[in-house]
Amino acid sequence: LKLICSKEMGLDPNVTRYLKRIERALIVSIPIMMDDGSLQIYEGYRVRHSTVRGPGKGGIRFAPNVNLDEVKALATWMTWKCSLLKLPLGGAKGGVCVNPRELSKKELEKLTRRYASAIINIIGPDIDIPAPDVNTNAQIMAWIMDTYSMNKGRAVPGVVTGKPIEIGGSVGRNSATGRGLYFIIDAMCEKLNIKLESQTIIVQGFGNVGGWIARLLYERGCKILAVSDISGGLHYSEGLEIDKLLKWTQQGNYLKDYNDKRYNLI
Amino acid sequence: LKLICSKEMGLDPNVTRYLKRIERALIVSIPIMMDDGSLQIYEGYRVRHSTVRGPGKGGIRFAPNVNLDEVKALATWMTWKCSLLKLPLGGAKGGVCVNPRELSKKELEKLTRRYASAIINIIGPDIDIPAPDVNTNAQIMAWIMDTYSMNKGRAVPGVVTGKPIEIGGSVGRNSATGRGLYFIIDAMCEKLNIKLESQTIIVQGFGNVGGWIARLLYERGCKILAVSDISGGLHYSEGLEIDKLLKWTQQGNYLKDYNDKRYNLI
Amino acid sequence: LKLICSKEMGLDPNVTRYLKRIERALIVSIPIMMDDGSLQIYEGYRVRHSTVRGPGKGGIRFAPNVNLDEVKALATWMTWKCSLLKLPLGGAKGGVCVNPRELSKKELEKLTRRYASAIINIIGPDIDIPAPDVNTNAQIMAWIMDTYSMNKGRAVPGVVTGKPIEIGGSVGRNSATGRGLYFIIDAMCEKLNIKLESQTIIVQGFGNVGGWIARLLYERGCKILAVSDISGGLHYSEGLEIDKLLKWTQQGNYLKDYNDKRYNLI
Amino acid sequence: LKLICSKEMGLDPNVTRYLKRIERALIVSIPIMMDDGSLQIYEGYRVRHSTVRGPGKGGIRFAPNVNLDEVKALATWMTWKCSLLKLPLGGAKGGVCVNPRELSKKELEKLTRRYASAIINIIGPDIDIPAPDVNTNAQIMAWIMDTYSMNKGRAVPGVVTGKPIEIGGSVGRNSATGRGLYFIIDAMCEKLNIKLESQTIIVQGFGNVGGWIARLLYERGCKILAVSDISGGLHYSEGLEIDKLLKWTQQGNYLKDYNDKRYNLI
Amino acid sequence: LKLICSKEMGLDPNVTRYLKRIERALIVSIPIMMDDGSLQIYEGYRVRHSTVRGPGKGGIRFAPNVNLDEVKALATWMTWKCSLLKLPLGGAKGGVCVNPRELSKKELEKLTRRYASAIINIIGPDIDIPAPDVNTNAQIMAWIMDTYSMNKGRAVPGVVTGKPIEIGGSVGRNSATGRGLYFIIDAMCEKLNIKLESQTIIVQGFGNVGGWIARLLYERGCKILAVSDISGGLHYSEGLEIDKLLKWTQQGNYLKDYNDKRYNLI
Amino acid sequence: LKLICSKEMGLDPNVTRYLKRIERALIVSIPIMMDDGSLQIYEGYRVRHSTVRGPGKGGIRFAPNVNLDEVKALATWMTWKCSLLKLPLGGAKGGVCVNPRELSKKELEKLTRRYASAIINIIGPDIDIPAPDVNTNAQIMAWIMDTYSMNKGRAVPGVVTGKPIEIGGSVGRNSATGRGLYFIIDAMCEKLNIKLESQTIIVQGFGNVGGWIARLLYERGCKILAVSDISGGLHYSEGLEIDKLLKWTQQGNYLKDYNDKRYNLI
């Protein structure tokens, strides 16, 4: 597919060949002294696909199925995403092969700080700027920023995006992906001469992206027929009350445990 | 095997677990503008198994079958080798997946310099010190040293070993591996009460290691019955004239083309 | 008091305990070859109370009664002041125990440059940014900036605030403290429904702060009944002519020597 | 006293005045999350008296009565000690005001690493080189070296002396102070024409210094009448068996608990 | 002349004396392996006249008659030009004594990169920022930026101005000098009460400056009677069609070869 | 001449061409506030002829006739001198165009420190190491070392040779040039079968080189017929008493003022 794109775009074959490869990939071992005194060693990655257009940009994910090939592919996507928006940023991605749900908070902090230490020479505001991704959040970005800043001897907020607002994060970042999607839907409807308010909607996923798009479409007046999360889904032909569902899930509950007789569990 | 060793040595299981993993591996793409104007991209590696005992130490090989797993294994060996000799050095290794025989000298220089550039932040006299290995030699070390030195703005001879003597290389390094082997054979014979001079010898390989061990044993008075290189082998039951064979091969010839009717080609 | 504040604010006791301590204090000896050839050694300080919210920020004072405890307290205030205004800055302060009036200009320059040299590794645009304070001014900031810039090999205007406008200082900084006070008085009067123009005013101090607030209130139309400086004060029930008094003191004169028969010396 | 010395030595008064002051003192707060989850903040110091003759040199002590004045005095002594031996080293000293016996090993490691982090910019092989002192040992030096090395990205054994031999410490350092004392006693006896072997000896203190001097004199043939440690002392007019006592105390026992009916507890 | 200016401006004689000298000049040898295998060595310069007002700013020219004195003079002009516009920049200039028309593109790239390497420690976004000048263009700036960025390990677009727009250059820079001249002519006409549109114009030079001023005045409605380039000039009393001439020359043609019978070759 | 040498040595013409050029030359302005308050600006140089064999090495001279061409030539000589002795050092030289006898000691210190500041980025233990030369001595080296060390924040004795012994200078350096000459004369006499002790000698120059060679030959038993310094010469056919003459000149006196009726002033 990428090759076809390249041809369509009239890219020099040398450039195509170059873009098919990642600039560099770093694999690191992350030994952690667990709460029970044993030593576990996790494998982490940070891949830079291209920094021709600027510092690398891309998230860090913590998941049990993270591997080098996945991270390479995601880093490649970041190059294309950033350049489509003409951002002066390249593409990068990172990850640790770990199930963070099995770690205590202390272990998670240790893992994050050791990983940050291991990649400290290849990240930085001018080089490569991590961000949250699957299973990583503002807290984890704060640990990375702190580890990096301790090493440099001064606060370096520019080393990560997606950090808590209190230490320099951007207001609105939390809803940004969902809101962006909403803008696209809105613009598309306008272009297609469809009235967005009168559409019925099904949303798959109810977290940081799905939850926000559901909320924004619900507030716009759309009827949300069904939503789903990892536990299952809810359906109601008259339209779900998204505001109440969001309160429920934000308290750490699953959709399937939501108690409203009108709704069908699917 | 390594696990058995560890148990024999009474290593803490945490240490064993730690030693089974490499500290870090860097994979880099090395784009080279070939003499014909096309762009080729090679993949290079530099792996550090352990730097607990000191800076990483280990060669760089250029070969078509180099891959990450091989380099990881070789880096691990370097840790064990250095620590057996109580050297304040850790274990590392590097390589590029390329057949250097297919490159012109200009292309080889470009490849070497670009690879050196790509790993420049993870090598250095205090961090990790490359050396020659399969298909790499003093000239290639000189290019690496020059690339590194240009970057630092001053000559840094300590960044590689195995460089030419003129720019700070060690006298005797060329024969060191073969001579070391000779010392071991000599010591073993003494221990076993065998008279080394009266032994008959067959040497497999006739390059930097095999050639030197053949020469040293020949000078000691041993009868060398057979030697071989990539082209084949020579056998003579009265003992080969190693000094003449070495002159022949040092002129770039193969053993199989050596012209002495007494010798059997094998 | 601070403890009460903390409790009122509902601060975590660990945070309170942390905020009661300074992060770091540096004490330095500043040997100066005096104009008479003798060596005098002065003691200087630079204290960082907290850099959690950003680089340290705080003035440097030259005064005979400067001591470590005072500087610590002032650095602590800076943290609170900066965070009340939500500035991305922490709290710091510095000082030298010296009476600058007893130094020649050359000695003062030497003292300033030697002090700047001694603290050079703990100040900087990203770390800790000094500013003028008691007995230090734009000229002294220029010396600090020059000493720092010479060390870095390039002009670094961001290392101090309060420098001369010609080398990057901010326009309006001179009057900023007085003008800020004026804004507060103005806002307070509005809130209290008092007409500021019809108030009578007494101003204690007639320098960088008192002089400016007197001028601004005088220009607003207030009657300034009395002003004072280190020499004494002047009183006139019909209202002093502040513009003339300022011209007088700006020429280096004291208020007590101002010659206007209508005014009472107090 | 020092003034008298200076006069005797014919020092320039400017030099005397300079030597009476320390170059710089850094005071740092060391917040530690204790095992019970509370936050304790300790105060640490690192003082450089003089680096005119080379990098600072001096121990780090952990004790509840450590304070800035003590550390300043000890740093001054180090300058004099190093220069008497014409070592190219200056004088420095550090300490943390803490009772290490009240800390768990984890807390002690955290304290050491945080203290090392806090002084990281003012120590180093070319600047100031810490060493063990009261309540600090090879383990603590190893933590400091590791913290420093992590920050630099490579092993820096030169940042501390007194580290474990395995990571670059000097053989014989453990006994060096006691052995030095022994050499002095030996040389003095020779000078005074006293036969050392026939002397009777009392040793106060039985640790790293006292234990070694007792052992060395005992091995020389002297009769050791009494020794003491923090728990009390032992006396035996026929001479104590020092080798057995050392085995006892090296197992962590006190002298007062040693069970030998011939010995008097004092 | 400069002395007269200084007097008119009331400059302190010390300042005048200071401004008459350049801060520093670096002369470098630039050895290049030519396409024919021979080694040619060129001489290059980079001069900083003054960095009192900010980082040095000034072009790099490649020309056979470049010499140190010329570069010094041009660097001095840059200081005056930047300070007249109150830019926070100082004055600098560089050059290589070479006829770039005699080099192949590969040789030109080698020359540029080697020159950039040789001056790499005295240029930079905070120190001294080169720009295109005689015979240097966006491509050459890109090579300088790439050489500098490779050395720093990250893209540093701020090291040169006049680079291609794709890698961070400024839109409109190409026409900036000509357009600035046009603004001046326009403003002058307005001040002198002359109607610009009705003027007849002769333009000497038809490249980056002359071509643009001709185009802008032509578009404004002026009659351009004559233009000239290195090959000669064209004259037409009814006014030349500048748009067509520009197309012609932009294809790499000379004015003298333009084929229009109405025009006189001069 | 050099070309002839190169041919004799069979040097590659490319290498010859390379050796005929200096690597780099830095020209700096050194503004000094004189004791009378005026500003004088001196011109200084530091030239590196070649650093292929190691860091540059070469003296710094202060003299009124110093110019760029002289310094270039001297730097070139240093390359040849160092490589003849197979030292791992290249060739460099520096100088300031000033008559140091016209400066007060304070002005001389200012000049030296400002010059050292101006060349601070191109000297260093690994890059280029200055030494005393005409009109520069151990004191001036100490100022350079101090300026450099202040900039680096730690004592860097390796930045200059020829510094005072107290701060790391080499014992015997003072007499080294003269003693070297003496060794050569001695060896030559032995080779020519001449008895050195029975020779008569005339020495031109009576400073650091001439004074030492005169002393060493005098102590060997040679008859020194005549010596000379800048003031003139002394002759005595029975042989001068060199030890007394040295005492005289070491007190700052000229030879021509020496009062011994037996000696002829020449």
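Chains: A, B, C, D, E and F, in written order; residue numbering restarts at 1 for each.
Methods note: a contact is a pair of C-beta atoms (placed from the backbone, for glycine too) under 8 Å apart; a residue touches a chain by one contact, two chains touch by 3 or more.
Because the structure is a prediction, the values reported are computed rather than measured.
Under the contact definition stated at the top, the chains bordering both chain D and chain E are A, B, C, F.
Path length between chain C and chain F in the chain contact graph, taken as the least number of steps between touching chains: 1. Looking at B-D and B-E side by side, the one with more C-beta contacts is B-D. For the pair chain A and chain E, the distance between mean C-alpha positions equals 47 Å. Chain A and chain B, compared by their mean Cα positions, are separated by 44 Å.
Chain B and chain C have Cα centroids separated by 67 Å. In chain B, the residues that reach two or more other chains under the touch definition are 121, 153. Contacts between chains form some other arrangement here, matching none of path, ring, star or all-to-all.
The full set of touching chain pairs reads A-B, A-C, A-D, A-E, B-D, B-E, B-F, C-D, C-E, C-F, D-F, E-F. Interface residues of chain D facing chain F in the complex, by the touch rule stated above, are 51-55, 88, 124, 126-127. Put simply, chain F touches chain C in their complex at residues 117, 120-121, 150-151, 153. Note for the complex: chain D touches chain C at residues 14, 17-18, 21-29, 31, 38-39, 41, 43, 118, 121-122.
Chain contact summary for the complex, chain F toward chain D: residues 153-156, 167-168.
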